[in-house]
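Structure below; questions to follow.
Order of writing sets the labels: A, B, C, D and E. Residues in every chain begin at 1.
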Amino acid sequence: NAQGVTVFAAASLTDAMNDIAKAYAARSGAGVRTSYAASSALARQIENGAPADLFFSADDEWMDYLEKRSLIERSTRVARLGNRLVLIAPAGPARRVEIRKGLDLAALLGSGRLATGDPANVPVGRYAQQALTFLGLWPIAEPKLARADNVRFALTYVERGEAPLGIVYSTDAAIARGVQVIGEFPPESHAEISYPMAIVAMHGTDAVKAFHTFLLGSEAATVFKRFGFSVR
Amino acid sequence: MLTEFELQALWLSLKVALRSVAFALPFAVVAAYILARKRFPGKVLFDGVIHLPLALPPVLVGYLLLLTFGIRGPLGGWLYDAFGLRLAFTSVGASIATAVMSFPLMVRAIRLSIEAIDLGLERAAATLGASPLDRLITITLPLMLPGVLSGCVVAFAASLGEFGAVITFVSNIPGETQTLPLAIYAAVQNPDGDAAAARLAALSLVLALSGLIISEVIARRARRMLGGAADE
Amino acid sequence: MTMIDLDIRKRLGDFALDVSFSIPGHGVTALFGRSGAGKTSVIAAIAGLLRPDEGHIRVAGRTLFDARVGADVPIHRRRVGYVFQDGRLFPHLSVRDNLLYGYRRSPLRNRRITMEEVVALLGVAPLLERRPRDLSGGEKQRVAIGRALLAQPEVLLMDEPFASLDAPRKREILPYLERLRDELRLPIVYVSHAIEEVVRLANQVVVLDAGRVAATGTPEQLGERLDLRPLLGEFESGAIIDAQVTAFDSQFELSTLAFEGGVLRVPGRAGDLGALVRVRVRARDVSLALEKPAAISVQNIFAGAVEEVFEDSGAYAELKLRVSGTRFLSRVTRESVSRLGLVLGAQVYLLVKSVSLDHETVSTVPGRANGGLRHGD
Amino acid sequence: MLTEFELQALWLSLKVALRSVAFALPFAVVAAYILARKRFPGKVLFDGVIHLPLALPPVLVGYLLLLTFGIRGPLGGWLYDAFGLRLAFTSVGASIATAVMSFPLMVRAIRLSIEAIDLGLERAAATLGASPLDRLITITLPLMLPGVLSGCVVAFAASLGEFGAVITFVSNIPGETQTLPLAIYAAVQNPDGDAAAARLAALSLVLALSGLIISEVIARRARRMLGGAADE
Amino acid sequence: MTMIDLDIRKRLGDFALDVSFSIPGHGVTALFGRSGAGKTSVIAAIAGLLRPDEGHIRVAGRTLFDARVGADVPIHRRRVGYVFQDGRLFPHLSVRDNLLYGYRRSPLRNRRITMEEVVALLGVAPLLERRPRDLSGGEKQRVAIGRALLAQPEVLLMDEPFASLDAPRKREILPYLERLRDELRLPIVYVSHAIEEVVRLANQVVVLDAGRVAATGTPEQLGERLDLRPLLGEFESGAIIDAQVTAFDSQFELSTLAFEGGVLRVPGRAGDLGALVRVRVRARDVSLALEKPAAISVQNIFAGAVEEVFEDSGAYAELKLRVSGTRFLSRVTRESVSRLGLVLGAQVYLLVKSVSLDHETVSTVPGRANGGLRHGD
C-alpha cells in the first residue's frame, strides 16, 4: 500500500473518519486505511513500530506521550477538533437543570449512579472529573460514578435506565436515542476538550501530507461538524 | 506491601471469581450431562448457545447482559420487581458476567469427562438397583470429578482475567466491580501506569497460580480416589 | 411354575440373535455354547441391558419385557444380580462399598444374604478397604460375585463367574450357590465353559449356537446327544443317578448310597444319613466285563444289560446299560465292543471305580424341595 | 446479502481462527502431554505460565505481545532482522494473539483426555515392541482425539471472539486485522451501529456454529472409531 | 541353558512379592497358585511392567533386569508376547490392526508366525474388520492371544489366556502352543487354574503362595506332593510316560505306543509312526487287580509291583507301581488297599482304560529336540 495512508484514530472518531476517508478516496483516488481503537492502544502501537502514518487522538495526553518520545512530526500536531461536555438523562419529558456550583447532584442521582467514562483512562471521564471538581460536586459524585470503558457504554447505562444521569460528549448525546441532554457544562469548568492529530515520525511522505492537509480543509470540517464536533 | 487499592481489587477478584464458579457449576453440570448423553433435535443449537459467549466479543456479551439483566431488561426487570435485586454495577453482576463468559469452558471440560466414563459402570449400578438419579449421584458424578475440577479451574482462571464483559455490564467501580483486570486495564491506559499494571498483573498471577495449585492437589487426591492411573 | 420364559430376537451388526426357551421349575440354567454364540447377549437381555427388537422375557412369573404390549421393566427394578464377564467394579469405591452397593439399595425384607457370609465365602476380608485397581484378577472376580449376591437378587445372572478362580475357591463357592438355589429357591442363569461346573450346578442346559438355541435339556439328556459334541466339546456324557445315603464307613471314609438297582460306595461323607444325593457317573469311568472280576480295586460292580450302542466315528463307542431300574452310560473303544461282542441285550458287568465318584460328581439334589427322588433317565 | 465489509471481516475471522488453532495445536499437545504424564519440579509453575493468558486481561496480554513481538521487541526484532517477518499489525499476528489467548483452553481439554487414557493400553503396546514415540503416535494420540477435538473447537470459538489481545497487538486494520469482534467494536462506537453490530454478531455466531457442527460430526465419527460408547 | 532365572522382590501395598526360581531347558513354565498369590505380578515383572525393588530377571540368556548393575531393558525391547489377564485390546483399531500391531513392529527375519495361521487357528476371520467393542468376551480373548503371538515374541507370557474359551477352541489352540514350544523352541510362561491345561503343556510348574514360591518341579513331581493339595486343589496326580508310536489300527482308530515295559493302546492317531509322544496316565484311571481279568473292555493291562503306598487322610490311597522300567501311579480307596493287601512289593495287574487316554493326555513330547526319551519319574 505504497500510495495509501494509514490513519490510527480514536474509536470515537470512527464514523466521521470513515466518511472523510470515503470522500478523500473519491477525490484523490488514494486509499485511506484506518484503525480505530482506544487512543492509549494506538499510541503504544505507534511506539512499537505500527505502520501508522497519522495519529488522531481523543486527548492530548497520549499525543504528548508520543511527542515526548519524538515519535510524531512535532510540526504537524494540530488540535483539530473540540467537543463539549453535557449532562444527560434517560429520554422522557424534557427537562433542564442548570449546571453550576451548588447543584444538588445528590438529589438528582438519588440512589442511582452517574455514568461516565473512567476518569482513570477515558478522556470523557477525565474531563467530567475536572468539571465536577470545579463545580465542587466531585466528593458527591465520586462514590457514585459508574465508570464505563467507553463513552458508548456510559450512554447505554443512561439509555437503559441503569443510571439516572450521565456525562458524555455532546457529539455522542446528539446521535443517541433514548437519552436527553439536560444540561451543558460550562467550558471553563474543564480543560479544553481537544482531539489532536499529527503525522507519525518518518512518515511524512507526500501522500500523508496530502491527507493531513485534507483533514484540515473545509470538506473534512463539514463532516466533523455533521457529527457534532466543533472544528478549530 | 500491597496498597489498599490493590488489596481491594485482589479480594474483589477472588470473590467474584469464586462466586462465578459456584454460580455456573450446577448449570454447567446439567448442560454437560445433556450434551454428553442425550440426543434430541436442536442439540447443536443448544451447544451453540452455550458456546455463544466464547465466540462473541466479550464487550458484546456484556452489552447483551446489560440488555437482558438491566433494570429495563426482561430478566433484570423481573428480578428487580420480584426481589429488589439489581445486578448492574454490583459485584454479583460481575460474577454473573464472568460466569457467563466462562460457562462454555466449564461445560466443555465436564462434558469431556462424562464422555470418558464407561457406560458399563452405570449399567452395572442399574442392575444393582440404582435408579437413574441414584446412578447419576453415586457413579456418574464422582467419575466426572476430574472434568468438574478441570472445568472449575479453567473457569476460575478465566473469571480472574475477564475484562470486556465485566466492564461493560457492571462498569468499573472500585471496591464494587473493579476486579484486577479492570484495575490493570486502567493502569495500562495511563502513560505512566506500567509499573502499577505490572504489580497488579503479578497479583493476578499469584491468585491464578494458587487456584491451580489447590486444584492440582485436589485432582491428585481425586485420581487416587477414583482408582485411576498411578505408577503400576 | 415356569422359571424362565424367553423368546427374543435382536440384530447386532451381522449377528442375529433369535433365542427362545422356557425353563420349568426353579434351579440353575446353564447357557452353554461356543465363543460368540450369544450367551452374554441373552443374559444382557434378561438384565435389561440389551433391548430385544421383539419378543418377551418372563422370569419367575414376572414379565420383564414384552415388545407386543410395550412392557420393559427398567434395569434397576428387575432385581437381577449380574456378575459381568468383564467385572465392572466401581473404581471410585472401596471393595467394601462395591460389595454393599446393591445391598444398600435392596429392600430390608429381602436381605437374606449377609455381608459377613459373603465376605467369608469369598475370602475378601483383607481387601475390604482397597480400591479395585489394587486387586488381582481373581480378587476382582470374587468381589464382583459378592456384589451381585449382596444385591439380594430375585434372579442371579452369572457370566463366567469363575473363569479366573482357583480350584479350591471354586470348591467353596459352588456349594454356596447350590444352597442359594435350594434354600432361597433363587433362579440362577449361568454361563460357563467348564463342563464340570455346569453339570454339577445346572438343572437345565440351553445350548446356543450362532445366536440360536441348538438344544435344551438336563445335563444328562444333553450328555447323551452325540450330535452336540462339536458344540459342547468335552461335555462328558454320563448318567445321573439319584440316591440316598444309607451308611457311612468311618474307618475307610466311604459312604454307601442306595439307588434303584444297587448300592454305590463313594469316598467321603456324601451327606447325612438319609440325605438324597445325586451322583454323576461319567461314561468313561464305567468299564465293562463279561465275567465278574475278582480281587480288583474297583468297588462298584453291577450286572446289567446293553440297551443301546452308539458307535462314534472315532475310536469310541458309547453304550446305554440298564441296571435294574437305573440307566448307566459307558464309553469304551469300538475295538472292545467288537472284541467283547457287546450287542443289544448282552449281559455285562459294569465296573465303576469309587475314586471317580468324588465331590465333583456327588452333590445334593437340585430341586430337592421339589420333592422326591428323580430317576436318571 | 452481506456487504463487502462484512464478508471481509468474516473471511478474515475464519482465517485468523483456523490458523490460530493450527498454530497452537502442536504446542498444546506437547504441553498437555507433559502436564498429564510427567512429574518434575516446577510443574505447577509451568501450568501457571500456560494459564497466564487466561488469568490476565486480554488487553494486557496484547500489550505484552506487542512488547515482545513488536518490531522493537526482542523476539519481533529478531524475526524481522532474520526473516523479514513482521507479526504486529498483520493477520498472522492476529492469529498469534488468538492462539496465545486460547492456548490454555486447548491444553486443558487435551490434558483431560490424556488423563482418561488407560495406561494399560500403552503398556500393552510396549510389550508388542512399540517404542515410546511409536506408542505416542499410534496409541496415545488417537485415543486423545476427543480432547484434541474439543480443544480445537473451544479454541476456534474463543479465537472468533477474541478482542482485547488482538486489537492491542495488531490494531484494528480492515482487511488485515479487523476480525469480526473488532468490526463489531467499530460498529458499536456509534449508537446507530447496533443493527450493523447485530449483523456482525450473527455472522460470528454462524461461524462458531458451523465449527461446532463440524466438530460434532467428527467427534461422533471419532467416538465410533475409538470404539467408545454407543447404545448397547 | 537356563530358560528363566528370576529372583525378585517387590512391595505392593501390604503385599510382598519375593519370588525366586530358575527353570532349566526350554519349554513351558506354568505359574500356579491361588488368586492373589502373585502370578500376574511375576509375569508383569518379566514383561517390564512391574519394576522389582531388587533382584534380577534373565530369560533365555538375556538379562532383562538386574537391580545391582542397574540393568532394565525397556519394555518394547524385551520382545515378550504378553496375553493380559484383562485383554487390553486397542479400542481404536480394528481386529486386524490389533492383530498386526506387534507383527508390523517385529524384525522381518523373526517373522515365523503368520497372520493366516493365527487367523485360522483362532477362528477370527469373520471379525477382522470389527472393533473390539463389538466382540464377545471369548472373541476378545482370542484376538489378544493372536496379537501376542504375531509379535513374534522371544518369550510368551500368558495370563489365563483360555479363561473364557470354549473347550473345542482350546483343543485347537493347545496343540498349536505345543508346536511353538517345540518347533520354535519358544519359552512360554503360563498362568492357568485349569490343571488339565497346565499338566498337558507345562514342563515345569512354579507354585506360588502369598508372594513366595511354595514349590517348583515337573507336573508329575508336584502331582505327587500331597502337601500341596490345599494350594493346587484338584491337581490330579498321574504318571508321565514317554513312548513311541509304533502302529495305527485304522479300523478301530487306535494307536499303539511302545514304552519301556509294554505297549499302550490309545484312541485316535497319536502321531506319525515313529513319533515320540508323552502320555499322562492319571492315577485315578489306573485300577488294580490281583488276577488278570478276562473279557473286559479295559485294553491296557500290565503286570507290575507296588513300590510305595501313600495313605491319604481321606478315603484315598495312592500307590506307586513299577512296570519294568516305567513307574505308574494309581489312586484307589484305602478300603481296596486293605481288601487286596496292597503292600510294598505286592504283585498286581494295572488296568488302564484306553478311553481315559484321549487327546488331553497324549501329546507330543515337550523338549523333544532336547534329545531322547525321558522316563516318567
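In this section, contacts are C-beta pairs under 8 Å (C-beta built on N, C-alpha and C of every residue); 3 or more make two chains touch, one makes a residue touch a chain.
This is a predicted model, so every value here is computed, not measured.
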Q) Suppose you hop from subunit A to any chain it touches, then on again the same way; how many hops at least until you reach subunit D? A) 1
Q. If you tally contacts for every chain pair, which pair is highest?
A. C-E
Q. What chain lies farthest away from subunit C once each centre is taken as the mean of the Cα atoms?
A. A
Q.
How many angstrom lie between the centres of subunit A and subunit B, each centre taken as the mean Cα position?
A. 35
(Q) Using mean CA coordinates as chain centres, what's the gap between subunit B and subunit E in Å? (A) 60
Q. How many Å are there between the centre of subunit D and the centre of subunit E, using C-alpha atoms for each centre?
A. 57
Q. Centre to centre, by mean C-alpha position, how many angstrom separate subunit C and subunit E?
A. 27
Q) Do you know which subunit A residues sit against two or more other chains? A) none
Q: Find every residue in subunit E that makes contact with two or more other chains and list them.
A: 49, 86, 134
Q: Would you mind listing the residues of subunit B that make contact with two or more other chains?
A: 59, 63, 118, 123, 164, 185, 188, 228, 232
Q) Within the complex, which stretch of subunit C touches subunit E? A) 12-14, 33-36, 39-40, 85-86, 126, 130, 134-139, 141-142, 159-160, 163-171, 193-195, 230-235, 249, 252-254, 265, 267-268, 284, 287-291, 293-299, 314-316, 330-336, 338, 340, 342, 351, 353-356, 360
(Q) Show me the residue ranges of subunit D that touch subunit A in the complex, using the header's touch definition. (A) 59, 62-63, 66-67, 70-73, 88-89, 167-168, 171-174, 176-178, 185-186, 188-192
Q) Of all residues in subunit B, which touch subunit D in the complex? A) 44-45, 47-48, 51-60, 63, 104-105, 108-109, 111-113, 115-116, 118-119, 123, 146-147, 150, 153-154, 157-158, 160-164, 180-182, 184-185, 188, 197, 201, 204-205, 207-209, 212-213, 216, 223, 228-229, 232
Q | Residue numbers on subunit B that touch subunit C, as the complex places them | A | 118, 120-121, 123-132, 134-135, 138-139, 142-143, 225-228, 230
Q) Which of the residues in subunit A come into contact with subunit B in the complex? A) 38, 40, 43, 61-62, 64-65, 113, 115, 118, 120-122, 145-149, 153, 156-157, 160-163
